[in-house]
Structure formats: C-alpha cells, structure tokens
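Taking it in order: structure first as structure tokens, then the write-up.
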Amino acid sequence: MNIWSALEPSQLINLTIIVPLIGAALVVVLGKYPNLRETASITIAVILFTLVLSIADNTFNQVGMATTWVTLLPGLEIAFSVEPLGVLFAIVASFLWIITTIYAIGYMRGHNEENQTRFFFCFALAISTVMAICFSANLLTLFIFYELLTLSTYPLVTHAGTDAAKQGGRVYLGILLSTSIAFLLFAILGTWVSVGTLDFTPGGIFTNAQSSSFVAVLLVLFCYGIGKAALMPFHRWLPAAMVAPTPVSALLHAVAVVKAGVFTILKVVIYIFGIDNLTEIATADVMLYIGAATVLLSSCVAMTKDNLKARLAYSTVSQLSYIVVGALLASSIAAAGATLHIVTHAVGKITLFFCAGAIMVAAHKKNISDMVGLGRKMPLTMIAFAVGALSIIGLPPMAGTWSKWYLVVGALESDKLIIVAVLTISSLLNVAYLLPIPIKAFFNPTDQNPQPWSWSETKEAPLPSLIAITVTTTACFVLFFYPQPFIDLINLIPGVSTTMKGQS
Amino acid sequence: MAEFIDLVLLGMLAITALRVIFLKDLFAVVMLFGIYSFLSALIFVNLDAVDVAFTEASVGAGISTVLMLGTLALTGRKEKTSNHPALLPLLVVGVTGAALIYGSLDMPPFGDPNNPAHQHVAPRYIEDSPQEIGLPNMVTSVLASYRAFDTLGETAVVFAAAIGVLSLLGLPKRDRQAIESGLKSHLVLRVVAKLIIPLTILFALYVQFHGDYGPGGGFQAGVIAAAAIILYALVLGLPMATHVVQPALLKTLAALGVLIYAGTGVANFFLGGNFLDYNMLASDPVAGQHIGIILIELGVGITVFAAMLSIFYAFAGQAERTNIQ
Amino acid sequence: MSFIVDYYNYWIVVFLMMAGFYIVISANNLVKKIVGLNIFQTSVFMMYISIGKVSGGSAPIVAEGITTYSNPLPHVLILTAIVVGVATTAVGLALVVRIKRAYGTVEENEFEDKEDLI
Amino acid sequence: MLEQHFPVLPIVLPLMAAPICILLGRSQLAWLFATLISGLSFFISVALLLTTLDQGVLSYALGGWEPPWGIEMRIDVASALVLCVVTGISSLVLVYAKESIAKEIDRSQHTLFYAAHLLCLTGLSGILSTGDAFNLFVFLEISSLATYTLVSLASDKRCLTAAFRYLVMGTIGATFILIGVGMMYMKTGTLNMIDLAARIAEFDGNRTVNTGLAFILVGVSIKLALFPLHMWLPPAYTHAPSAVSAFLASTATKVAVYVMVRFIFTIYGAEYVFYTMSMDIILLVLAIVAIFKCSFMATVQSNVKTVLAFSSVAQIGYMILGISLVSSAGLMAGLLHIFNHALMKGALFMAVGAVFLRTGSVDIKAFQGLGRQMPLTMAAFAIAGLSIIGVPLTAGFVSKWYLVTAALEQQHWIIAFLVLIGSLFAIVYIGRILEAAYFQKPSEITEEKDIKEAPLLMLVPMWILVLANIYFGIETSVSVSAADAASQWLTQPTATMGAAQ
C-alpha cells in the first residue's frame, strides 16, 4: 500500500500540503481548457489520497513523522506531526475530495456555472489547508490553517455572486471569523500565557499550576471559539452557507469545514485538556448539555424545513453535536465513537448532499414537497438517498450504526443516562425528518398538480454525479462490515479506545 | 521699579486680550493684536530679553500684523456673531487654566537668582561663552553655536512656511501690467518712503553684522530688510516692487540661505569636526567660531529675508488679483 | 504677601494664555482664530522669558561693570519659538485666504453647514 | 569617515535636499533626487539600527558641545527602529508619488511637493533622533508645517478646511508641549533628556513637574490623535493627496507615539508617570474607547479613505494600549505595532490612491467590480486588509498576538478580550470594501470607463509593503527582536541609561 516508501516519511506531510497547492496552480494555468483542468484536479486528488495512505501505513508501523516550517514567534513554530486522529481525518478528507471533485465536474457542467476555474482553485486551496489542519503539531499552527480554511472557502460560498449568496457569505465569514478571533484566539493566548506551550501532548498540557476555574473558562472559550463545530447559538453560518453550489455544501459539510471544526474540538479535548481530566472541569458538563440541546433543537428545526438543503444543514448541526457530546463525555469509548462518527457521518451526509445536488441538476427541485414520486424518475439517486439516511439514523447495515453504538456505550459508561436518552430521541427525530423523503418519492403517486416543469424532461443525474453517489453509497455499506482499519487507527489515539475500561 | 513696570504692562496686556475676545471688528482685533505684540516686546525688554523684544516687535507687531491685514483685505473685516454656545470652550479653558495655576504653585519664585534654571547649564553660557566663542552677546553665542541646531531648525521652519504659502497662494507674475497703487499719489508718503527705505536697508545690514555684539542677528536683519521692500511695495505698488526684487529670485535665495547654513555645518565633516562644530573652520577655535557664526547668520538672514518677502508677495498678489476682478 | 510677589507674574501670564486659548477654540472666524493662536503663543513666550529673569540682572550682553546677567537660554529658545509662530501664522493665513476663495466665507459654522468636513 | 556622522545624516540629508529640489526646478529631476536622498537616509537608518542593536546607544554632540550645554542627537534602538520605518516608507511613497501626484497635484507645484515632503521627513527624523526636549519641539514644528502644506496640496477644496483644522489643533498641541517643556526647564534648568531624567527623578509629587507632564501628554495626544483629540485626523487623511495620506498615516502619528514613549519612559520614568500620576488608567480607558468608537465609525463611512483614517485612530488606540499596560512586554507590543501598522496602512492608502488614479473617486462605489479590473491593486488591498484584521501569517497577527499576550501577562483578561473584539470591527470595514471589489458588479462610476491596472511605479512600492506584511508575519525575528530590544532599553532604570554613553 505504501507506494511512496522511497520518500523520507516526514516529507510526506509537506507533500500532502503542497500537492493540492500545485493542483491549485495547475487549475489556474489550465483554466482555459476545462477537460485538462478537471483531469489535473482528479489526478492531484488521487495522488494526495495515496500520500495520505502512505502516512497511514507509516502510522500503523509506528513510524514517527514531524516537520517544522518556520519559527513564527519565539517558542512557537509552524510545525506538523502525525498522530492517528489526524490521519483518520486526512483519510476521510482526501478520499472524499476525489469523489467530490468527480461529482463537482458533473454538477458544475450540468449547471453551466460561471467562474469554474476559481471554484476548483479554491477547492484545492481548501483541501490543502485541511491537510495542514490534520497534521498540525500545535494549536497555533492549527489556528492559522483553521483561519485560512475559512478564507479559502468564503469565495466558494459566495460563488453565485447573487445578493443571497453575498448575504450568506457575510454570515459565514462573520460568524466563523468572529468566533475564532474573539474566543478561539483568546483561548489559545490564554493557554500560551499560562502554560507556556501550545504543543499537542497526549494527556493534555494543563498542570495543577493552573486554577480549575481558569481551565473551565478556557474550555467554554474553546468550544465556542471553534465556530466550525456549529454549537448553538453559533450555528447560523451553516444554514446560511447553503446558498453555495451543492458540491461546496458537500465539501463544507462532509469533507472540510465542519469536520475541521469537530476535529479541532476532539484534538483540543484529547491533546490539550486530556480526556481523563475532563471530569474535573466544572464547565465540561455544561458544554456537554449545550451539545445535547443542540442535537435535539436542530433536529426539531430540521423537521420544519421544506428546502432539502436547509433540512440537511440542520441535520448536520445536530450530527456535529454528537461528536462534541462524545468528546465531552470524558469517556474513552465515547471519544472513540465521536472519532468514528467523523467518518461515518461524512460518508452518509455526503451521499445525501450528492443526491440533493443531483435532484437539483436533473429535476431542478429544491423543496421536499415537490419530490413526491421522484423515485420513479431518479431511482438510483433516491435509493442512494435512502441508504445515506439510514446510515445517518444509525440503522444496520449502515456505517452510522457503529459510531452511535460507541457513543451510547460511552454515555452509559459515564453514567449520563440523559445523554443516552438524547441520543435515542435524536435517532427517532432523524427517522422522522429523513426517511419520509425517499418513502414519498417511491411510494406516493406522482403529484398531479400542474408544475412549472414537465415530468418528461426529468431524467437521472449526469454520469459523473452518479458515479460519485454510487461510491459513497457503497462506502456506507462497506464501513458497516469492515470498519476495522478505522477502529485500529482510533485505538492508536492515546486515551481513546473502543473497549470498555477493565476489559482487555 | 522693574516689577512695577512689569505689573503695569501685564495689566495693559490683560485689557488688550479681553478686548480682543469681545470685539467683532476684525480690523480692530488685528490692530489690538499689534498692540499686544508691542506691549509684550516692552515686557521682554523689561525682563532683559532685548533680542527677543527686537524680534517680537519686528515679527509680531510687524510681519504678522501686515499679513493679518492683508488677509482681512481679502476676507472682510466683520466677524459674524457666533451662535453656538461657548460653554465647552469656557470649560476647557477653565480646566487648563486651573491646571496651570496648580502647576505654578511649586514654581521657583519669579526672579530669584537661586532658581534651578539659573544654576544649571546657563552659568556656563554666561561665564565661559565670551572666552569660548569670543562674542559679548551671549544670546548670539548660544543661538548660533551651542544651540545652532535649533536655529538650523528655525531656518527650516521659515523655509517650510515659504513653501507652504507659495504652494497655497503662488507668487505674482512679474510681467503683469502695472497698476496704480492708491498710495502712490500721496507725495509725502512717497518722499518719506524713499528716504526711509535706504536707511532701513542700511540698518538691516548693521543688525546682521552687529548681532554678535549687540541685540540682533540674521533673523532680525532679514525681517527688517524684507520690511524695507514691503514698504516700497505698499507705497509704489506690488508690480514696482517685483521689478526690483524678482519673485523667482526670492525662491532661489530662500533655498540658498538654508544651504549656506547646512553647508557650513557639513563642511566641518571634512575638517574632522562634528556637524556645526566651527572650531575647525580656522586654526584658532575662537576665530573658527566667529567665521562659523557669520556664515550661518548670513544663511539665516538670506532665508528669512527671502521667505518673508515672498510670503508678503504671495498675499499681496492675492489682493491684487481680487482688485483686478 | 511674598507668595503673591513670587508668582503674580506667572498668574497674569496664565490668564493671558487662557484668553488666547479661549479665542482659538471659541472663535468662529478663522482670522480671529489665528489672532487667538498668536496671543496664546506670545503669552507662553512671556512665561519662558519670566523664567529667565534674574532680579537685579541685566541683558545678557557682556558689559563693563556688570556682574549679574539674566539667563540667556530662555531668550534663545523663544527667539526660535517666535519664528516658528510667525511661520505657522503665515501658513494659517494663506489657508484662510484660500478657504475664502473656495467657500466664499471664513466663518467656521457657515462652511460646516454647507458640507460635512469629513 | 562619514560613519561617525550617521546619527545626524537622516536629518541633514533631506534638509539640504529640500532647497535643492526647489533649485532644480523640474518635477522629474526633483522626484529622482528626493527619492535618492530618501533612500540614502533609509540605508543610513538601517545601519543605525544595526549599530544600536549591537552597541545600545549612539550619542552625537552637535557643534562639538557636549550635552547638556549643546544639543545632543541620541539614538537608541527605539529611535532607530521608528527611523527605519519613517525613512523606508518615505522612500516608497516617493517612488509611488510620481504617478499619483501627476493626477492629484497641479504640475507647477510638484517641486514644492517634493520639497515639503523632504522637510516633513527632516522634521520626523529630527524628532526621532534628538536628545533635547526643546529641539524636539522645533522639529515637531518643521514636520507639522510641512504636513499642513502637503495636506492642502490636494485639488479638492475640502482639503483646505481639513488642513486649517489640522493647523489649529497641531499648533495648540505644540504649544502645550512648549508649556510642558518650560515647566520642566524651570524646575531643572536643563533641556537635555537624559539630564532631565536624572533631575526629575529627584522630585516626587512636585506640582509644577506634574503639570508639565500633563501638558506634554495632552499636547502629544493631540499630535498622535488620541481619542477624543483625534477629530483633525479623519478629514486631513481623507482629503490629502493619496501619496500624502499614505506617508502621514504610516509615519506622522507613529512618530508622535514615539514622542509619548520617549517622554514617559526616558524623561519622566514609567514609575513616575504610571504609579505616582496613575496615567496608565487614563490612557488605557482612552485607548479602549478609541478602538471601539473609531472602529465603529470606520464601518459606517462610504469614503474609503475616511474608513482607513478612522481605522488609523483605532489602531493608534492599540499602540497606546500597549504603552499603558506598564510592562516591558506591553511597550514592546506597542512599538511592534508602530512598525507593523506602518506597513499595512501604507499599502492600503497606496492601493486607494491607485484606485483614485484610475477611477477618479474613492467612494466605496468606485471599488465595485475592481477585483477584475485592477487585480493587482485589489489583491494588495486585500492582503493588507487581512493584516489589519489580524489574520495569521500577516504582520497584523503578530502585533495582536503580542498585545494580547502582554495584557494577559498583566492579568488584564477583559482588556485582552476587548482587543480581540475590537478587531472584529476590522472584518466589517475591510470586508465591505473587499466584497464590493470582488462580488459586486461595476457601479455607474466605473462602468463606463475602461479601467486599467495601476502603473508600475505605483504597484511596485505597494507590493513591496504587501510582501513586507507577509514577510514580517512569518519571519518575525527581525521586527520582534528589534522591538524587544527597544522596549528593554526604554524600561531599564534611568540611571543605567544615562551611564551608557
């Protein structure tokens, strides 16, 4: 599997960041030749994936990888090092980038979008920053690339250039930058001034020298500062960003942005606070219940939305809080569940978004109420939608089952029965807002009311989109039957384990 | 006695200042300012600052007043009644004044020879400068040698002012067709002016070169020389004056003066001294000081003359232009 | 009483300064503002010259039979300051002339009414 | 041979060059000459900085008269650092000015412009180099007079009222400083800063000395546009010619901040100012209010130059905040921000000037759709704007990092938080302009015209500053170590400062 074994292992990190940048440059250079441009995009995406696989291989073989770029401030470097959590996220992101690129080609061409070169350029930039986030060795590096990710995705959100898009972009940029500067940077500075280091360290960096109330405040600042995790009430940017083209939504929701958010939360909890220390932090429970409340509230909001993408957006808000909840449960098994949920939610949600986009391209429908009977015209798409929905809900034989399982076990382990209840209720709510869509599409008769489009025009989505949908749908199945590589990876994370304490 | 004169003069100043606040006729305001300036020059004399008095009289009462009158000719002499309440200014002034009074409570007593200001730094100027510099006028010694860099700065300020005024108002064109000055028809004025002007220029030269021994120096000389030409322009009209001293020449002169001053300073680099260290200009340090001071006073004189005159030209040219229109 | 003798000079000077300062900040007419500025500065010069006075001293020019001289340093400083003052006055008045030409008025409230200064 | 005279050369060179510019008479020649002289001054300043980093302080007795009898040029790391900023920006602005003033200033006044610019540079360099309190006043007035002239050179008539207001406020400020210096003189008998410091240290709670300090601080606050004495600044920067705005915004107020630092730390001593007089609280409150009020004002303006002007006042708040934290780290953050802010504001004003050159307007409407028409200019604006916001990998982030760290070290949690909140405003006011440039259709101002990219002579200095923003945002060792050395030097006990000749 390690086709890059000839390279110095630490060079791989640099390559994962630089290769997408090269891709971005190629996209600009080849901007006038769409076919070449897209070929370049996909090739680069595949190369990146193989690089990440090599890193994963090295990680399994316990090969340490680290690199330092520059010393930004005395004692603080832009530095990268590989640890299993980052590898896991990198695998997900780089794999889905390939799929999203394929899908985007179909979508953008099907939609005749303008500024495609800018689109693919920013797309590549975004994935480059995501790679940097994955492998950041300290909070400062992570913060820097976290901000750059916000900036590089902003043009994607406002891609359409309409007033609605600009408004959405404003909210997106406003909330993400504000929270990160006001809270996250503040928390990082506070940590730096009091502890003197920002390096990610297994077991956390806080010692007894810091007062517990101080650490408690920091935890709150971190949780809210990482606005990309969309914890209520700072979740508004996510629905606002729905104005973006669907591949962007897919990228934001499944691959890059929101996952970078929850990834950061996991990373902070595991490597800055330390999972075991969470029980001593007074505000951990507060944030836990805020997370739980977000899970339920946003599920309820999702039910009221008729716009498919808006419903999916609120569903994402809810699912992200699963991960936050898992991280804050102070249980190694819940943390494992949270980590695994990054993977399973990614494949499930990206499938749903791909389907939404396919429906938009092929049938020009945005609202759920218009999709009645659509299953007969777009069977593949709607089957995929059903699979994705089941995975999100967490029913076997879909990938989502495992992550929810571990989360519930973790909640039980830490005696938080309320959380168990929340997770259960939330699953029911998932059923209520997701499943009716494919059911109505297949089993209800075609809507006979006069419509502004004709049914005869409607056909299946473009081929590249279908290929992408098929791949992610398959992944939903495969990960149920064969989650082992990811579980092995998760077990490598210090302090995180898929087995109960006391069991061997 | 000196204190009594001081008190009387200060009282007159206070009355003048108060009148200025309440008068609406700007012509009177400017005249009162001229009086204010003269009175303060008298106080300066009374307080032994003869050089300062000389300068204040020629600048404050002379040039400034002329410029203000020139401006009034263009802008009108009546101040409109202001309608916004003066409460905030009163408050600001009250607080500032209170702060100053508070600060004055620990000031050294007026005129006490034991004051710190007379005990440190200054004694050297009084005791050693006649030997070190070789000049009886200590003010000139300090001005032109110990603190010559301040004076270079001062010359630069004058030059900057000239540049500012020229850029704002521009110089009058020399070849404009001559216009009759209203004053030209006054025979008495014309004759007196013709008598006074050469004397004034002579006096300027005296002040320029005698500044080392008595009150005066390049600055006062430059102002007086400029005043002579200003008088000429007032009586015989601006076009006549610009024939005598051409505006373009003034620009060059003003620049040259600064260069002479700074050049004197730079020359010392090559003689092994610091900037403005005149000791190196001759084999004997005192002689060197003398040469240096004469040179820089010349620079000051030229720049001040040229700058003041071109500023006057600029204002007068504006008035002329308005008259034509 | 000695208290007053010691300080009367400074107090009157403070009064003069404030009179000038008041004119600067309250006057509506730009020419009057400049006059105020001059009065303000001239009064500050008086404060400096007062510092330099030595009772029973004479002007700091070496002369036979005189042993006490007033302090020459403040005189030098104020010579410079007077020049700075006249330079500022000249530029200020030139601006006033231009403002009159551009706005047709030199009353501050009148052109503030016409357009915002910012 | 000339090396020993370096401390005085950054003053003397432009001072002599100014009259020569007048004598040269031709715009092109004057431009070339002024640029060369300014560049030369910059190299001398860099040499001075390197020397002072190595040796601590350089003293140069003018006229060969040893201080306190003569005037002393006294250059330490702080002065050399700001001197580098001033001369460096001046050189870049002069390169930039050629094309810019061709449109904005009448042809006959070009030589006057260069002369006034050089005089302004003379004044600023003099303020930075001098070790004499009264000499500082003289140079302050040179730079101020030149500045009034520069502001009034613009073709828009509103520049006149702006310049007049600036003149009145500036003169009041200078006169206040004069009063303060007089009070110090009457209690100590000296004007040399080091000598003053030694003698003032003997007084404790003397009313005259206290009042002198108060007057100096108020006077300097007017000059540096500290809230609420800032009202002269927005009109002046808005209506001045673009090259002048770029120069003043990145140097003049910075030099005034330097003067405040000099008076507080070198002459009076931080202990006296902050503990005896409790000035830190006043400065702190004013700085915070400035940050919020003026950042907010910046978000509601439609004239982009006004936006940047208000932003400048807010940024000065950050510098003063750093000073008022009463710690070496805080002072260092303030000094570092002087340096970094000059880079950002210079680039921003230059970009706006380029837009004015091509569109004839600096209204936000003129920026609509410019991202496509003037890609390089707008990219420069965008990067410099991100630096103002404080986005990582730009110079602005480094400033902010140190400022907040300094506040946190003093346990000022709320202040640190407020600083960060304050920078959110920058997102709004910079974001508005960028959104107009990149995501809006050209407005009626720009629609009809065929708008080209700015000329090379404007782009090069602009991009040098932009790249400097990025360079000093990543490779911070140079700027940070210089600012650190400067603040260490300034906060050491006064006694040792006097000893190190």
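So that you can tell them apart, the chains are marked A, B, C and D in the order they are listed, and the count of residues begins at 1 in each.
By our rule, a contact is a pair of C-beta atoms (placed from the backbone, for glycine too) under 8 Å apart; a residue touches a chain by one contact, two chains touch by 3 or more.
A quick note: this is a predicted structure, and the numbers were derived from the prediction, not measured.
Q: Assuming chain D simply isn't there, give the groups of remaining chains that still touch in a chain of contacts.
A: Once chain D is set aside, the chains that still touch form these groups: A | B, C.
Q: Where each step is a move between two chains that touch, what is the least number of such steps from chain B to chain C?
A: So the least number of steps between the two chains is 1.
Q: What's the farthest chain from chain A if centres are computed as the mean of the Cα atoms?
A: It is B whose centre lies farthest from that of chain A.
Q: Mean of the CA atoms for each chain, then the mean for all of them together: which chain is nearest?
A: D
Q: Give, as an integer number of Å, the spacing between the C-alpha centres of chain D and chain C.
A: Chain C and chain D have C-alpha centres separated by 28 Å.
Q: How big is the gap, in whole Å, between where the Cα atoms of chain A centre and where those of chain C centre?
A: 70
Q: From the mean C-alpha coordinate of chain A to that of chain B, what's the distance rounded to whole Å?
A: The mean C-alpha positions of chain A and chain B differ by 75 Å.
Q: Please report how many Å separate the Cα centroid of chain A from that of chain D, as a whole number.
A: Each chain's C-alpha centroid was found; their separation is 45 Å.
Q: Residues of chain B that contact two or more other chains, please.
A: Residues 100, 104-105, 107, 115, 117-118, 121-122, 125, 147, 150, 153-154, 157, 160-161, 164, 168 of chain B touch two or more partner chains.
Q: Any chance you could list the residues of chain D touching two or more other chains?
A: Residues 134, 138, 141, 145, 148-149, 152, 179, 185-186, 191.
Q: How would one label the connectivity among the chains shown: line, ring, star, complete, or other?
A: Chain contacts: none of line, ring, star or complete; other.
Q: Among the chains present, which pairs are found to touch?
A: Pairs flagged as touching, ordered by label: A-D, B-C, B-D, C-D.
Q: Note which residues of chain B are touching chain D in the complex, please.
A: Touch residues, chain B against chain D: 99-100, 102-108, 115-122, 124-125, 145-150, 152-154, 156-157, 159-161, 163-164, 166-168, 170, 251-252, 254-256, 258-259, 262-263, 265-266, 269, 273-279.
Q: Quick check on the complex: what are the chain D residues that touch chain B?
A: 1-2, 5, 8, 12, 15-16, 18-20, 22-23, 60-65, 68-71, 108-109, 112-113, 115-116, 119, 122-123, 126, 134-135, 138-139, 141-142, 145-146, 148-149, 152-153, 179, 183, 185-191, 195, 199, 206-212, 214-215
Q: For a test of understanding, state which residues of chain D touch chain C in their complex under the given definition.
A: Residue list for chain D touching chain C: 134, 137-138, 141, 144-145, 148-149, 152, 157-158, 160-165, 167-168, 171-172, 174-175, 178-179, 182, 185-186, 191, 234-235, 238, 301, 303, 306.
Q: For chain B, which residues are in contact with chain C within the complex?
A: Touching chain C: residues 2-3, 6-7, 10-11, 13-14, 17-18, 20-21, 26, 29-30, 33, 36-37, 40, 43-44, 47-52, 55-56, 59-60, 63-64, 67-68, 70-72, 74-76, 79-80, 82-84, 86, 89-90, 92-93, 96-97, 100-101, 104-105, 107, 109-113, 115, 117-118, 121-122, 125-126, 130, 136-139, 141-143, 147, 150-151, 153-154, 157-158, 160-161, 164-165, 168-169, 213-215, 219, 304, 311, 314-315, 318 of chain B.
Q: So in the complex, the part of chain C that touches chain B is made up of which residues?
A: The touching residues are 5-23, 25-32, 34-36, 38-39, 42-43, 45-46, 49-63, 68-80, 82-91, 93-98, 100-101, 106-107, 109-110.
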